[in-house]
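Next up is a structure, given as structure tokens.
Chain nomenclature is as follows: A, B, C and D, assigned in order of appearance, with residue numbering initiated at 1 for each chain independently.
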Amino acid sequence: MAGSVFGEILKISTWGESHGAAVGAVIDGCPSGLDINEEYVQGFLNRRRPGQSAFTTQRSETDAVNIMSGVYEGTTLGTPISMMVYNQSQISKDYSDLENVYRPGHADYGFQVKYGIRDHRGGGRSSGRETIGRVMGGAVAEKILDRFGVTFTSYVSKIGNIEIDRSRFDKDEIMRNSLYMPDCIAAAEAEAYLKDLIEKKDSSGAEVECIVSGLAPGIGETVFDKLDARIAGAVMSIGGVKAVEIGDGCAVSAAVGSVNNDKFRMVDGKVTKETNHSGGILGGMSDGSDIIVRVSFKPTPSIYQKQNTVNRDGENTEIEIHGRHDPIIAPRAVVVVESMIALVIADLYMLNSVSRMDRLENIYKK
Amino acid sequence: MAGSVFGEILKISTWGESHGAAVGAVIDGCPSGLDINEEYVQGFLNRRRPGQSAFTTQRSETDAVNIMSGVYEGTTLGTPISMMVYNQSQISKDYSDLENVYRPGHADYGFQVKYGIRDHRGGGRSSGRETIGRVMGGAVAEKILDRFGVTFTSYVSKIGNIEIDRSRFDKDEIMRNSLYMPDCIAAAEAEAYLKDLIEKKDSSGAEVECIVSGLAPGIGETVFDKLDARIAGAVMSIGGVKAVEIGDGCAVSAAVGSVNNDKFRMVDGKVTKETNHSGGILGGMSDGSDIIVRVSFKPTPSIYQKQNTVNRDGENTEIEIHGRHDPIIAPRAVVVVESMIALVIADLYMLNSVSRMDRLENIYKK
Amino acid sequence: MAGSVFGEILKISTWGESHGAAVGAVIDGCPSGLDINEEYVQGFLNRRRPGQSAFTTQRSETDAVNIMSGVYEGTTLGTPISMMVYNQSQISKDYSDLENVYRPGHADYGFQVKYGIRDHRGGGRSSGRETIGRVMGGAVAEKILDRFGVTFTSYVSKIGNIEIDRSRFDKDEIMRNSLYMPDCIAAAEAEAYLKDLIEKKDSSGAEVECIVSGLAPGIGETVFDKLDARIAGAVMSIGGVKAVEIGDGCAVSAAVGSVNNDKFRMVDGKVTKETNHSGGILGGMSDGSDIIVRVSFKPTPSIYQKQNTVNRDGENTEIEIHGRHDPIIAPRAVVVVESMIALVIADLYMLNSVSRMDRLENIYKK
Amino acid sequence: MAGSVFGEILKISTWGESHGAAVGAVIDGCPSGLDINEEYVQGFLNRRRPGQSAFTTQRSETDAVNIMSGVYEGTTLGTPISMMVYNQSQISKDYSDLENVYRPGHADYGFQVKYGIRDHRGGGRSSGRETIGRVMGGAVAEKILDRFGVTFTSYVSKIGNIEIDRSRFDKDEIMRNSLYMPDCIAAAEAEAYLKDLIEKKDSSGAEVECIVSGLAPGIGETVFDKLDARIAGAVMSIGGVKAVEIGDGCAVSAAVGSVNNDKFRMVDGKVTKETNHSGGILGGMSDGSDIIVRVSFKPTPSIYQKQNTVNRDGENTEIEIHGRHDPIIAPRAVVVVESMIALVIADLYMLNSVSRMDRLENIYKK
């Protein structure tokens, strides 16, 4: 309960410091009978791997996943799936001057006060490498959801003030540009903006969107474990996230009910909605339309400018961060956002299975 | 685990349908030795009570709290605190025509699919009356936090396009106007806007802010149980919430790191920050400055206009909602937002107590 | 997490002090579509009600259950089921002389040290009345299990040195004698033994057995949430229990593997076992044969003899307990043991539903 | 929630199949500031290592622990401690004839029904190697408890009908004989008994005792999370355990209250008890005297005799188990029992820290 365990039925425990031996995850509660292998999980990890463009850190980590348990001859056993990635390319000396100084925008100060000790190298447990465990879990969760026909589309929707033009939305474009934007023109503008910021030793915020399609209605528990509540908690737990919106999000405060209410209509014998302001969630449960989640990431706090700060001895000082840092968090975080949402939805799908006695009876009648 | 239990150490279970016998909450894990009585809790419940102005439903519920256990001669025992409020003024016939029809913007459809049965009267479990249990819990949580010097300021910051002017911010004004706004001019404008909407049988969205002061640094666990993650999940679980922002929130996507990073400075021997873009949370832990949470509520979905919808038999139909409904959710929800945040912070304060061995040892040395 | 919440999917929160306003339970996670009403639950509570014979306390509590939520027109909604029983017949003055003295064999001392305060009247939270909430939960759990064909036979198997003769086992006899023994001759002997102890102002220990029939194989999760582990924890949590045995229990320490191993045999196309030393549980999962649980209760600690003890001021003193106390715990605890086992099995049935992907898929294909 | 996660604040997730790549554990919630290294943990693992005598399997596993995270320069960080042991000496072919047959006394049948798939090699997840993760957790838990002055004495107290003579109890003897018995004469008799059983291709049950000294009073939560309840659930979850007793255990059913009640007495200004029938636990909380736990292990189910059984196709057949198997579970399980009890007590110590508001306040005043 120090915070590294997540989920109710599909439960993930992640572990690992940035510059320790390895980082990993244990996923308990994954059903038996799923096809999972290292190649499949690696596909997810590659989406967050550094070193792929000018906009991600130049560390050449391969982040090769090792499945240690829970899978036998390519099929899940129903037992805990343990996975890990060895930490490579650790240049700890880059961090030696940070041992006693609190980096602005980072967790250093909180960690020191909370624990009285911290592994200062690369942020330790609060490093971005912590998200490798999340993505391992996301890979497993998406494998489960795939069997229910649930699919994900995730991308960067805004960088600085450059937003994608939704009339140009092209899903295939997402994987073609280094910024994971579904609009090549916005991507090109954003690249120019980022190059300029790099020169200024600065960094940029951004927005990530995740669209989940194919959910059955009724997924999500009432009151505290609502689908949107669980998603918001999951996504806000990713480093750098400062806002989570569902559907129209913040815009609803200026809306009126007659417009914001999505009217139901039968289409081809199916309950549908004329609009989707709700972002696919009503009363905390999926309503059968696309789930829309929007996430705001703050600019990377590690910038190369000299900054005011204090040290562990309570003295004012200055800091100049070196090392290798992305000028923007969002592109590599796209798969992390998707993974957290997948973990939540898979968990809630499993929980929803036991909400009705007639369903439960059917299971044991077979 | 159907979703009505919340918290790790300070654990609350809420229960009750809108038109059942009562609604209530059981709070387990509250420390012994706190002064709590019905008058104190009633003060919190009164902040969400209907019937107080033109902008809340005209039902005249007194919502008088009964403490059933866990308190002996005005002091908490450390055992579960059970509280309840009897449901009064139930006019169930108002709802009889809703039995087979799904109200747009409501949980009806999801409930029917999920459970195959629902108490359609007044929304049943998904009614706003469900929040009474949350406020009972919030009252207990704030009593705990008061002992740590933590205080709350909560209010409506925006209705439609009418925002408070922060230069006119007046904390005392919050309880003086019926909309709980800290700016009497904005409140007057918003009242006019709402009156107009009522005439048009429409409703408005709004924004609520909660500022939490006095937190020790280091509150919040790493990775999944971060302070902001837990707050986002807690607040998003309130009916009608579509967005949660911490600090600068959505605005961070357009920010640059050199500005967004709050620089640390020693002031009077204390670690402080030159700015508070982070909203008091860094790396998921409190950083010693004010916690700033902003919440967007959608417009009340129950409006008196005729709306397209479908019924349980899968037929297109129209619905005209009667009964008594607020034209805006936010004013009565201010105390609910505050309560959920208080529950989270109290829980994380208790968890933080056991994060260091030296602290633990001290407890048992006494 | 102060200990009054139990279960994973089927989750129960109990509350209430012996001499407070009421005692109750909230059951969250019960599937929708079950027939439950107050008469049904009352049948369970009546099995633990005092005042029915010479061997139970003469307090004439009716313990009438009130269902406050979660049931609509006799059917569960899938929402939390809140139930309570008002405390009657409270003669608190009986306890006034116990305020500062620790009763031997009771929780008084631990409570005082742990919380620094306690409701000394009738044991407060550690009273036997606390088990009312457990039985409410058991009633709900058995209703679920009934739909899976699972049935319970529970009884007192031993009082002092008087054991039932298994060749005379008569299920119908259980409800005919005041000691809930399935052997009328043993019951008569035990009654004589207890009458003698009452005269001597003493009390007796006893043993309760619970046989659960009809379980599907495979119920119980691996490693920590094994069926036997969960049962042992659940049953040991009942006041006065000092031992829990599964199948042959303690006797296995003297057994050899060639005998203790239950050999599998196909009978009528079904996997069966030639013997049932395992008590229906292998590797923590049900094996298709009867689950056998044996529980040892200590003698009632409240006896009318003068006893040495200490008081809150740390002085040696003597205590003479008055009031109304059963000379034996077990008969009224039979339904409590059964209830705890039912809660565990129902929870694990629900969890087992999501252990295989093929099962999960089938649910959503419908 | 498939059962491999344990604990509330001190939370352990174990993973690994017998013949997979490795077995391990992740411990979350361990306080910062403890001295832990691989040598320390190895000392615990060595107590359960096979190949040390005639009475343990001849597999020569070294079971060398690797600490992967959570410890920095020999001190715990407060972050998850990940540990693992690579599986060596895997002779999977020994098990190939078991693929389709259910071993009597084993989990094979339940696993197959539950998951529809299993790793049959060496029991897979239900192998005794699963306990390595428990012992890793126990090592961490004992390190925490050591700081509170809590110590453990664990040993085999009975094998077959050979019990230790308590007048000969010698703590130092425990580590001197291969059976971990505190009485060298009983150990010699038991060795002869076991040798005889080995020749007969049979196996023996046994009893393990664990005495925990130095607990503060008041440890354990009320109702469901009582100290004895948590211990019983924890210990019963170990493979082969069929009974758990606290204090006088099963014997209490034949006792009378006047004797069974431990009378309190002040000794040297401390609350003590004249006897310890309660085994150190009253009302589910520690009472300041020694905690006494007694555990009954069934005989090893893997015996070399031909046994009746059935196969996966539902046919009667015979089985003859080969491979390397201990003729008795208990000696190597002593440290496992101790570890599970340590995990429970450490968790409850941490929970008890937040039971009183005055204690909580003191933490944050510093």
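In this section, contacts are C-beta pairs under 8 Å (C-beta built on N, C-alpha and C of every residue); 3 or more make two chains touch, one makes a residue touch a chain.
Treat the numbers as computed from the prediction; the structure is a model and nothing was measured.
**Q** What is the chain whose Cα centre is as far as it gets from that of chain B?
**A** D
**Q** Which whole number of Å gives the spacing of the CA centres of chain C and chain D?
**A** 26
**Q** Taking each chain's centre as its mean C-alpha position, how far apart are chain B and chain D in Å?
**A** Chain centres of chain B and chain D, defined by C-alpha means, are spaced 44 Å apart.
**Q** Using mean C-alpha positions as chain centres, tell me how far chain B is from chain C in Å, no decimals.
**A** The computed centroid separation for chain B versus chain C comes out at 38 Å.
**Q** What positions in chain D touch 2 or more of the other chains?
**A** Residues 1-5, 8-9, 14, 29, 32-33, 78-79, 114-116, 125, 216, 222, 351, 355-356, 358 of chain D each touch two or more of the other chains.
**Q** Line, ring, star, complete or other: which describes how these chains touch one another?
**A** complete
**Q** Taking the touch rule as given, give the residues of chain B at its contact with chain C in the complex, in rising order.
**A** For chain B paired with chain C, touching residues are 1-5, 7-11, 13-17, 20-24, 26, 28-30, 32-33, 66-70, 72, 75, 77-82, 84, 114-119, 124-125.
**Q** Under the touch definition given earlier, write down the residues of chain B that touch chain D in their complex.
**A** Residues in contact with chain D: 8-9, 29, 31-34, 76, 78-79, 144, 147-148, 216, 222, 349-351, 353-364, 366.
**Q** Would you pull the chain B residues touching chain A in the complex into a rising list?
**A** 1-6, 8, 14, 102, 104-111, 113-116, 125-126, 130, 158-161, 197, 200-207, 216-218, 220-226, 228-237, 239, 241-258, 260-266, 269, 271, 274, 277-279, 282-288, 296-303, 305, 307-310, 314-316, 351-352, 355-356, 358
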